[in-house]
Amino acid sequence: MKKKSEKKGLVALIGSLSLIVILAALPFAVAQAAEKHETIKIGIAQPISGGWAAWGVPVDRGARLAIEDVNAAGGIKIGGKTYLLEAVTEDTQAESAIAMAAFKKLIYSHKVGYILGPMSSANNKIVQPLTEENKVIQLFHGSFPPNPDDYYNFRGTLIGEQYAPAAYAALMQLYPEIKTVAILNRDEEGGWINQKVARNVCKALGLRIVADEFIDPKEKDYYPILTKILTKKPDFIGMGMIAPGYHALLIKQGREMGYKGPFLAPTGSDTAVVLDIAGAKAAEGLIAVGTADYIGLATTSLMKDVGQRYLKRYGTQDAWSLEYYNNILYIKAGMEAADSIDPKDVVKVWRTPGFTMPSVYGDVTWVGQEFWGINSIASCPLPYTQIRNGKEVVLGVVTWEDMKPLVNAALGK
Amino acid sequence: MNRNDWLKWVSLAAVVIALFLIPVFIKNPYWMLVLTLLWNYIIVAQGFRYIATTGEYSFAHVPLMGMGGYASALLVMKLGMSFWLALPLAVLVTAIISAIIYYPCLRTTGTFFFFASFAFGEVMRLCWVRFKNPFGGVGGLSHIPRPDPIHIPGLPIVEFTLFSHTSYYYLILVFMLFSVLTMYLLENSRLGAIAAAIKESKILASFVGIRVWRYEMIIFVIASAFAALGGCLYAHYMTLLVPEEFYWGLAIYVCIWAVVGGMGHFTGPIVGTIVFGLIKELLRPFPQIVPLIYGLILAATLALLPEGLISLPKKILLWNKRRLSRLRRDK
Amino acid sequence: MNAPLLKIRDATKYFGGLCAVNRVSFDVHQGEIVGLIGPNGAGKTTLFNAITGFYPPTSGKVFYKDKDVTGFKPHQLVERGISRSFQLITLFSNLSVLRNVAISLHLQTDIDFWGSLFHTPSYLKKQKVAETKIMEILRYTGLENFKDTLANSLSHGYQKTLNFAIAIGTNPELLMLDEPLCALSPERSSAIQKLILTVRDKGVTILLIEHNMKALFPICDRIVVLDAGVKIAEGTPKVIGENPEVISAYLGGAVDVSETR
Amino acid sequence: MTLLYLQMIVNGTMIGFQLALFATGLTLVYGIMLIINFAHGELYMLGGFAVFLFFDQLRLNYFVSLALAMIVVAIVATVTERIFFKPMRGQHIPSFIMSCGLVFVLQVLAVLVFDVKDKAVDSVFPGVVKIFGVTLSMERLAIIVISTVIISAFYIFLQRSRFGRAMRAVMQNPEAAALQGVNIDQVCSSAMGIGAALAAAAGGLLAPVFILNPWIGPDLTWEGFIVVCLGGKTSLPGTLLAAFILGYIKSFVSTLADPMVARMCSAAILGIILTLRPQGLLGHE
């Protein structure tokens, strides 16, 4: 009797102990399961705080959305191993010292092999050698043309030299009667480059530039500068690198000053913002290339889907967000093709001619050889659109092929 | 030399040795960069405080730093000078320019001087923006050559390349120690006494035979020269100069570092710069809230420690003493 | 009697329209104590300021040792040996008494900059000399017990004294005191009177403004009386005391002034 | 050609009114508390966002939301004055640093509440008026009118009301005012409140015309300081004069030369005035 009870107690004791052990072991087992795949860090060096955040934050969002999608789709499988992507964001504030620190932290502390950024061309000048020497792939969108020596330096989207020509070509189709133009740009490095391009294109298209102005990036009241421009009676006003809010203001105030002709917004326009600020009536007839309204001008189902999920997640659509979504897809494709996560191998694959990668725009390749001596620009097609009675209408899509002749013009050849 | 002095000197030596040993322990280039920039900013902040020993706060300090950078960069790039020759020349040029800037500000004091100096600094900065040649306009100057290697017979050659983090560290550390030491000596020299007199009362100073204007100008020029030194080192370290970065943003930060660190004591700006710099880097994962933290620290310091962070230990001792005395009273 | 140390000729000062000092002339001779008196607004301090280069006189000349020093800057005058104190106490408030006097001494100690920068032995020797000078001044101004207290934490009387000490520190030949005795307790006042006399015995000529006649008469050799910017009388205290014009203009008021103090 | 110049004058007037409305508050705060309030531009930004919230989001009447914005910002400012600025009245640099801290905090809060994207408030007075070929949008005309009303109301308040006179007295000579039994603390915090309200009014009025983002503050603050120093730090008429001078300079120079030169001119003029006449155009020693 007594013994039995003892035995019972012993059993109970053992049972409970084993139960505890199992319960304790369970998380470890799960952890083990989780340990099956490793992570690849993707560095995002963008201005997250400060005046440039309006550009940097969308990039961060787009890239992170892409990374989530990739991981949700089971990550990247290489040599039987499954890798998940992990985003590491560092703030650059578009200032040299801070950007340099951000890049060094990403490269040396986080040991990342792929960096999306920086935003400002000025920053790129100092961090580019760093990534080059450390064999780190750097994906960004700079308004200045690529340099043949920058082997690890890629542009995830078409650049100023292509935007402007596409836009102007579209314009000429719509308004053949145009003779005189006024071109405007931010008084800033990117602006200077775009202005040069615009000048070349106008020369090539036989347009006469009557006003060639730079606007103070901090200025919000454009009456003075518009007064100056409108006395020259331009048939249309072409705007270059001007942030959406600001070129919306230009359009609004231009209309107030009695300008009737069409406006042109070559890069990174944002229909929603323009319509919100300038109002449908003023914005009527605005021609833009590659605006933020990805859903509106979706050319593929993927683009529409991603655009909608982005909108649902963040409540807005941002220029450049999906370009950086693409960048992640490029990286994934490169890794899988190279069957390695090492940037060196990925670059080799990317540099092989005719290597195609998926993007929200459909398949793209790295192009630019014949113009800049190196294939490091993703040949995203550019939908060009016009705002007609308060809606953005896709007029057509400029592909890399039918843009080539214009690029020569843009380069002043 | 009493025991206290001995303690001071020993601890000072220990700190300097520690500074020189840091690269042995910290190999990560990222941290080297952070520290190097910190030392560089200390030069500037210390100069800012040095002007303030006469009671004036100069807002032209950071533009003058930029001027130093531009001067040496242009000397090296356009005239093909060696960095080691361009550095002193640039400092000299900037000193002259600072004298030119200061001269019209002679009659202004206090807030008026603050804004007048801001105005002239801003005009100078906008000149860099406006005149693409030679200043490179908004894009600024890029690909500024790095310092030439140092050949000392019998010693290994010191290279300055993209990867020579430690040599940059030592370069800027040495210049920082030099500037700090110089300004310390100046402050304890006759010039320092005169500065103190001017700070207290310009009228009385002039009535005991001090040429107030002359000495204010001398001090302003010396301080600006140190700002220029910082600018040169920055330019040839970053290899890029952008006018935008010498706008009020950095000027305000320098002002904050110095004042929150504590203007009253010589080590104030050093402490301020290090504290704020490190906070910024340690909070990198949360860029959005860094300014928030800055703001809170500012408010707390100015409210609780008018003497600046430097007076924290003293304050703590004081509070402690108060507490003890209160306890004794209660007993 | 030798040539006067300080000659003032037709000193005139206008502020906009109104005339604060009108064609005042008088001499100050080596080694005497001259009192400058007059009712409030008589232009005493204005005259002082005009002489000491605070602002130049509108017209008229100031000669010091027969040299024209009209409109000289304060530091130039200090270099030539003219020093002044202020009616409203002006000190290097946040510095110790010692440093206050030390600064005032800085012109005499011919310290070279580099020496002071690196604290060379010669510099330290000179410092010693300066120290002794400072201590001497502090001793006979009776401030030595306070040498380490901050100037602004001194009592009013001692601040006045420090003001005086700073003026002496520049080692002047002519010392101009602006109301050194006003608003002082009797003992401080008498102490400063003694001080003035000792300084005079060290060969310093003194020109002082004062309200307090009682304090002034015993120590002055001569007195100049201003009224409404015009010199109305000059002479020994005795003469002035009997001058009816002065009495009508001033003394009547002054007595109760000195009593209400 | 004359048309061009007329247009320039109109543009200049417009800029002048913006600056006047903004800088009046700045002058008031400086003149009474002797602090350099670098956060004034942030109060302007808050005013703008408040109107965005009340008018654009909650769909209240524009003027109601403008009034609400002014009140809210005034309260915020008064509270901050009590907490942060009270201890450092008359100390320029500490107050400047403190206000910098305030700038950081307010910007971060703005980013966290309203995103980084550029915002716009629906235009209230659509349409354009043309007087002899000179163009001016309706909303700008409205701004000119409303800010005239606000500024003159403020001046009448200063001239007529007892409290206003107390404020002027403090501006002229704090000690004397205190001796005459003016409650300095009360005057200071209400000055801060009124100044903030004016800044908020500027923000709310300009919100429909321009755009809103968390970083519009500081640059305007610098212009405000230029105006204040130019006009004389404690002289309100001087502020108005300076505002219009600066407005016309900006308008004319950026039309005839280019905006960068205009900025250079305004800075240069500040420097020159301060060196030739430190107390400013209409300021007194």
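The first chain written gets the first letter, and so on, giving A, B, C and D; residue counts start at 1 in each chain.
Convention: a residue touches a chain if its C-beta (ideal position, glycine included) is under 8 Å from a C-beta of that chain, and two chains touch if they have at least 3 such contacts.
Not measured: the values here are computed from a predicted model.
Novice: How many links in the shortest chain of touching chains run from subunit B to subunit D?
Specialist: 1
Novice: Which chain has its Cα centroid closest to the overall Cα centroid?
Specialist: Chain nearest the centroid of all protein C-alpha atoms: B.
Novice: Between B-C and A-D, flag the pair that has more C-beta pairs in contact.
Specialist: Higher C-beta contact count between the two pairs: A-D.
Novice: Quick one: point me to the chain whose Cα centre is farthest from that of subunit B.
Specialist: It is C.
Novice: Subunit B to subunit C: how many Å between their CA centres?
Specialist: Those two chain centres are 43 Å apart.
Novice: Go ahead and note the Å separation of the Cα centroids belonging to subunit A and subunit D.
Specialist: Spacing between the chain centres: roughly 38 Å.
Novice: Using CA atom averages as chain centres, what separation in Å is found between subunit C and subunit D?
Specialist: 50
Novice: Averaging only over C-alpha atoms, locate the centres of subunit A and subunit C and give their separation in whole Å.
Specialist: Centre separation, subunit A to subunit C: 77 Å.
Novice: Using the touch definition from the top, which residues of subunit D touch two or more other chains?
Specialist: In subunit D, 111, 260, 263 touch at least two other chains.
Novice: Indicate the residues of subunit A shared as contacts by at least two other chains.
Specialist: Residues 49, 187 of subunit A each touch two or more of the other chains.
Novice: For subunit B, write out the residues touching at least two other chains, lowest number first.
Specialist: Correct list: 129, 288, 291.
Novice: Okay, what are all the chain pairs that touch?
Specialist: Chain-chain contacts present: A-B, A-D, B-C, B-D.
Novice: Help me check something: in the complex, which residues belonging to subunit A touch subunit D?
Specialist: Its residues touching subunit D are 49-51, 53-54, 57, 187, 213-216, 218-221, 223-225, 227-228, 231, 243-246, 248-249, 253, 256-258, 273, 276-277, 279, 315-316, 318.
Novice: Of all residues in subunit B, which touch subunit A in the complex?
Specialist: The contact residues of subunit B facing subunit A are 28-30, 33-34, 37, 129, 137-140, 142-143, 162-163, 234, 238-240, 242, 245, 281, 284, 287-288, 290-291.
Novice: If you look only at subunit B, which of its residues touch subunit D in the complex?
Specialist: Residues of subunit B touching subunit D: 57, 104-112, 114-116, 118-120, 122-123, 126-127, 129-130, 248, 252, 255-256, 259-260, 288-289, 291-292, 294-299, 302-303, 306.
Novice: Name, in rising order, each residue of subunit B that touches subunit C in their complex.
Specialist: 185-186, 189-191, 193-194, 196-197, 200-201, 203-211
Novice: Okay, in this complex, where on subunit D does subunit B touch?
Specialist: Those in contact with subunit B are residues 36, 38, 84, 87-88, 92-94, 96-98, 100-105, 107-108, 111-112, 218, 222, 225-226, 229, 233, 260-261, 263-264, 267-268, 270-272, 274-275, 278.
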